[in-house]
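As structure tokens, here come the structures.
What follows is chain A paired twice: with chain B in the first complex and chain C in the second.
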Partner chain A sequence: MFSQKIGKNIKQLMGDSSGVMFLIGLVLLVMFILMAVFAPYIAPYSPIKPSGAQLLPPQSGHIMGTDNLGYDVFSRVIYGSRMAFSIAAIATVIAAAVGIPTGLIVGYVGGKLDSIVTMIMDSVYTFPGLILAIAIAAMLGQGLINISLSIAVVYIPTYYRVIRSQVVTIKSELYVEGAKAIGAKPKTILSKYVLPNVLPSTIVVLSMNIADAIMTEAGLSFLGLGIAPPTPDWGYDLSKGQQFILQNDWWLVVFPGLAIILIVLGFSMFSEGLNEYLNPNIGEKR
Partner chain B sequence: MKLKAYILTRILLSIPMILIILTIVFFVLRVLPGNPILAMLGPKAPPEVVHAMEHQMGLDKPIIIQYLVYLSHIAVGNFGTSTYTSLPVLQELLQKFPATFELTLYSMVVAVLIGIFLGTYAAYNFGKTTDVFARVYSIFVYSFPVFWFGIMLQLVFGVWLHWLPVSGRSAPFMIPEHIYTGIYTIDALLNGNFEVFIDAVKHLILPAVTLGIVISSIFVRMVRSNVLLSLSSQYVTAARARGTTEKKVLFKHALKNAMPPILTIMGLQFALLLAGAILTETTFSWPGIGNYLITRISYRDFPAIQGAIVFFAFFVAVISILVDIINAWIDPRIRY
Partner chain C sequence: MINNVVVVKNLKKYFPLKLPWLEVVLKKEKPVVKAVDELSFSIKEGEALGLVGESGSGKTTVGRSIIRLIEPTSGDIEINNTNIVNLKNEQLRQARKEFQIIFQDPMASLNPYMTIGKSVMHPLEIHNIGTPKTRKEMVLELFRRVNLIPEKEFFNRYPRQLSGGQRQRVVIARAIITNPKFIVSDEATAMLDVSVRSQVLQLMLEIKKEYNLAFLFITHDLASAKYICERIAVMYLGKIVEIAATRELFENPHHPYTKILMSSIPVPDPNFKKEKIIPKGEIPSPTNMPTGCRFRTRCPYVKKECEEIDMNLEDLGDGHLSACPFFK
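What follows is the complex of A and B.
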């Protein structure tokens, strides 16, 4: 539905700067998705096997050099996109799967339940997300699912707040009142009348959220709480590379960092453009 | 409402918030899989030793009792004893706190300065080069991982140019002789020791600039959009009609009226600043609470981990109360 709408108005989209931003973001995202899917075909070497001498500077054959174990940095950067996408995707899906229904139901029911749940969600929301994720990750230990879970918990309130505040407005709209008057069940009202109206803004939050989740994941693995080595992971590679900057081995830190920046940039430009397109009246969100 | 009454209400309102965070932290650290005793003693510890340890730490009691004991201890400032150093956790945290405070304080100064100047000028030159630069700046910098940016600055200013030290808070033997506040830049000045002051500033520049610039991306956006809003208001038009100079219009009328929402957002960003501080402290081996938390996680020092997180919760709560009070003081409408 959205792709159709966007396709129809591509001309209008190119008209202002947010359209340009949206397209740049889209191109970056497509690039990273292709990179993750076709990693084995793009990467010249295995990311977890030595492929040459140790700590080689960028040169032909190793365009981003090699690390202290002789792993090819370029291959690790390519494969690292898989980790970033999988963790961000799992975390975002879990957060949305918990946050959206909770927001829908609590917002619709209202009353005491609403004030209690909202207070809990707000407390988590105001607490620094990374610190909470660190605590959970430290308890659960390394691993794909564990890290995704720690990040997911942090973002549940984001979905809850967006959905709840919209449900509260929508439930007093005439068409919802009408549905109630003809005897529609709460379940029908929520799924048929309320949900379709709150989804567009959720899509924007979802896409902004993936950028944040990738950043949080990189932070956790930089702190040594991410995926167990030698699985390629940008944050982990950065923390390992930092040990060698005093001897000027800059390629170990520059390239994984650029990968994080470009993917986060892709998601934020994409979602920003999408936001101005889908919710033109909401304006600046962050 | 009088300001005093507002302050009191605001403090009372934050108690449930803190209680909720304390509860979540408790359940995350106690109920999630991962036995702290086994983690400390190793998986091969004899069962009787494990039981003795559990009894000593009160872990054999029902979870509700443990929870109440935990809350009552925190209420009287008992954060437990570190299993790594055997020192009271609160004492360790208070000793590390000035370093974190100093880093966040100066980072905030950097972020606020960049945010206010770049944001205001961007709004004033809406659509022109400055504005485009400000927008591109905030989008780009927002996507910088703070630790990566820190490493880059270390590389350029530490390794290539040799201008600034890349880690720590001070050179050996350059600690202020009398500690009053624990904030080295202030203590050195109070001692009148200029050499120590310069050393402290040199160590502070890279971490504070790293964190400050990363946080400033949000400030630039917020200042820009709020000043834009107030520039289009009637009091600005009226001020211009009276012949007020443009500089005065911009800073006295537009910026000043845009301040309360900006302050609120800056207060909210404090959480982000703290999260960034943990990463910055780790990147620069800055001996603050973030660094403490990460080190103690690797030692599986559970009382210390719990204490550090609870400490952060209180810190966030205190700052958000302060921001609200400042706001209420600037803008009396908030109090009513």
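What follows is the complex of A and C.
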């Protein structure tokens, strides 16, 4: 996925100081989380009510200017983080809740079930993520849950693949055979012997997927398939702003765009750093 | 009369070879690897049977298939008067408290995310032995027994915090906590360094006596087999070629293969000149086994008749069985 590539490249840039990278990622994330949680206290105006003249450039009072309806861009960027987080979180939870158990069970059982499910998952995986999400979103229509669902479908195969490949390796480990030898039930073997050993890689995938989900969500909103306006949303603001770019009203595009870039960067750096700590060898496997 | 705890009759384990589909269609006979072929032996209460042979002779396959970690192709395996070949999943699962296995690699046979206390306690939970309180007591007592002291500290440690010898003690503790009748030790000491090896061997010997266990001691190290086992079976390419009491086997080896193995044991005396018998060539491919005696391609005493003999074990008296009809 895309955020993974970003993470990799930053890691190359940073060389050995991946601890610094992790820290920067963490700081960015904490910043955005605080922004989302305390949005009503930080934002100077309501994001869905006109607060001044239309298309004001950045100035005191409107540090990021106002848009074509007179909404304060700064307030919308602040509130937009809420939407980004909630959709990304819901989508990731759904994807993980489906992908992880499927990968566990299918990987452990193996055989024909494995070939069939893997084929299905791979065929989903080969679709470009955004296009698949567009298709599903277009079918389901707007709304928080629908958007989250269509993003989740795109990321289920990611979990499935990572978990399955790990399970296939781990199930031939001696301690799994040992668990069989002491008479453990398959359920117990999966929950006590296999799952704890695949979980570290899951956490990394989880944080990477949140970043990807945020980008996909922004993409969907940009195309008008996201949340119904005037709910503040970075992707929607971006698409609205690009209509005015020829008039040199740059602030409409730059600030929501910057927000997206920073949050994705934050997640990428955070997860790549996390990866370093949790499982130094898994990088190549993914 | 001491009872037989383990009776194995005509155990076979064939592994089908995977072929490209075109060859599967074209070939009539599907090639199989005969890893274990018509093996029969028994182990008495409190007795250790050594299973020795070089790599690829099928020792490990025997160890795993007689406790059904891999499914045997055919044959009967009686443990404690129950034929475990016919057991269904759930019955087999419950029967597993009667037989255990100790693996070769103590680093890999413990779950890295489980404290060793929990690892050893798990069989008790699975088989519902004792109460949560008494279980912990049992584990701690066993830790003391296998010399993991201070046992309370060890209880909460993770496998990575232990040395190889300590881990193997943990694995031994886990194997005996359900009070089994039979233990398979699959090269349990092969990966330990020599100083630790003797301690672990000593521990296994003591435990065997205390619990009156039947032991299948799989190894390629004749010296440790001699130390632990009452009887030794020598395996070559999936067949037992000779079984005898340990002393009898060492003093009076009958089968040419056993003779070769015996002559390969180093003697710690630089002036001792020993007659060395070197086998010819390499171990043949198990997919393309020689006809007749499987050892004939490498046997230094090979005769024309060897192409036709079946490798049936013949009794030479006193429980000494050999698969070579010559050398009477």
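Please note the rule applied: the second predicted complex is superposed on the first by the 266 of 286 C-alpha atoms of A that agree within 3 Å, B and C clash if a C-alpha of one lies under 4 Å from a C-alpha of the other, contacts with A are read in each partner's own complex, and residues count from 1 in each chain.
We adopt the following convention: a residue touches a chain if its C-beta (ideal position, glycine included) is under 8 Å from a C-beta of that chain, and two chains touch if they have at least 3 such contacts.
On a predicted model such as this, the values are computed, not experimentally measured, just so you know.
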item	value
Chain C versus chain B on the shared chain A, clash or fit after superposition	fit
Which superposed partner A:Ala135 touches (first chain B, second chain C, both, neither)	first
Touched partner set for A:Glu173, first chain B, second chain C, both or neither	second
Partner chain(s) touched by A:Gly183 [first = chain B, second = chain C, both, neither]	second
Touching partner for A:Ile94 - first (chain B), second (chain C), both, neither	neither
Contacts of A:Tyr193 with chain B and chain C, given as first, second, both or neither	second
Partner chain(s) touched by A:Leu265 [first = chain B, second = chain C, both, neither]	first
Comparing the two partners chain B and chain C, which touches a greater set of residues in chain A	B
After superposition on chain A, the shortest CA separation from chain B to chain C (Å)	12
Chain A residues contacted in one complex by chain B, in the other by chain C	none
In the complex, chain A residues that touch chain B	17, 21, 119-120, 122-124, 126-132, 134-136, 138-141, 211, 215, 218-219, 222-225, 235, 238-239, 241-242, 245-246, 248, 250, 253-254, 256-257, 260-262, 264-265, 268-269, 272, 283-284, 286
Interfacial residue positions of chain B with respect to chain A in the complex	16-17, 20-21, 24-25, 28-29, 32-34, 135, 139-140, 142-148, 151-152, 154-155, 159-160, 166, 218, 221, 225, 268, 271-272, 274-275, 278-279, 282-283, 293-294, 297-298, 305, 309, 312-313, 316, 320
Chain A-touching residues of chain C, taken from the complex the two chains share	67, 69, 93-97, 100-101, 103, 105, 108-114, 122-123, 126-127, 171, 174, 178
Touch list for chain A against partner chain C, complex	173-175, 177-185, 188, 192-193, 196-197
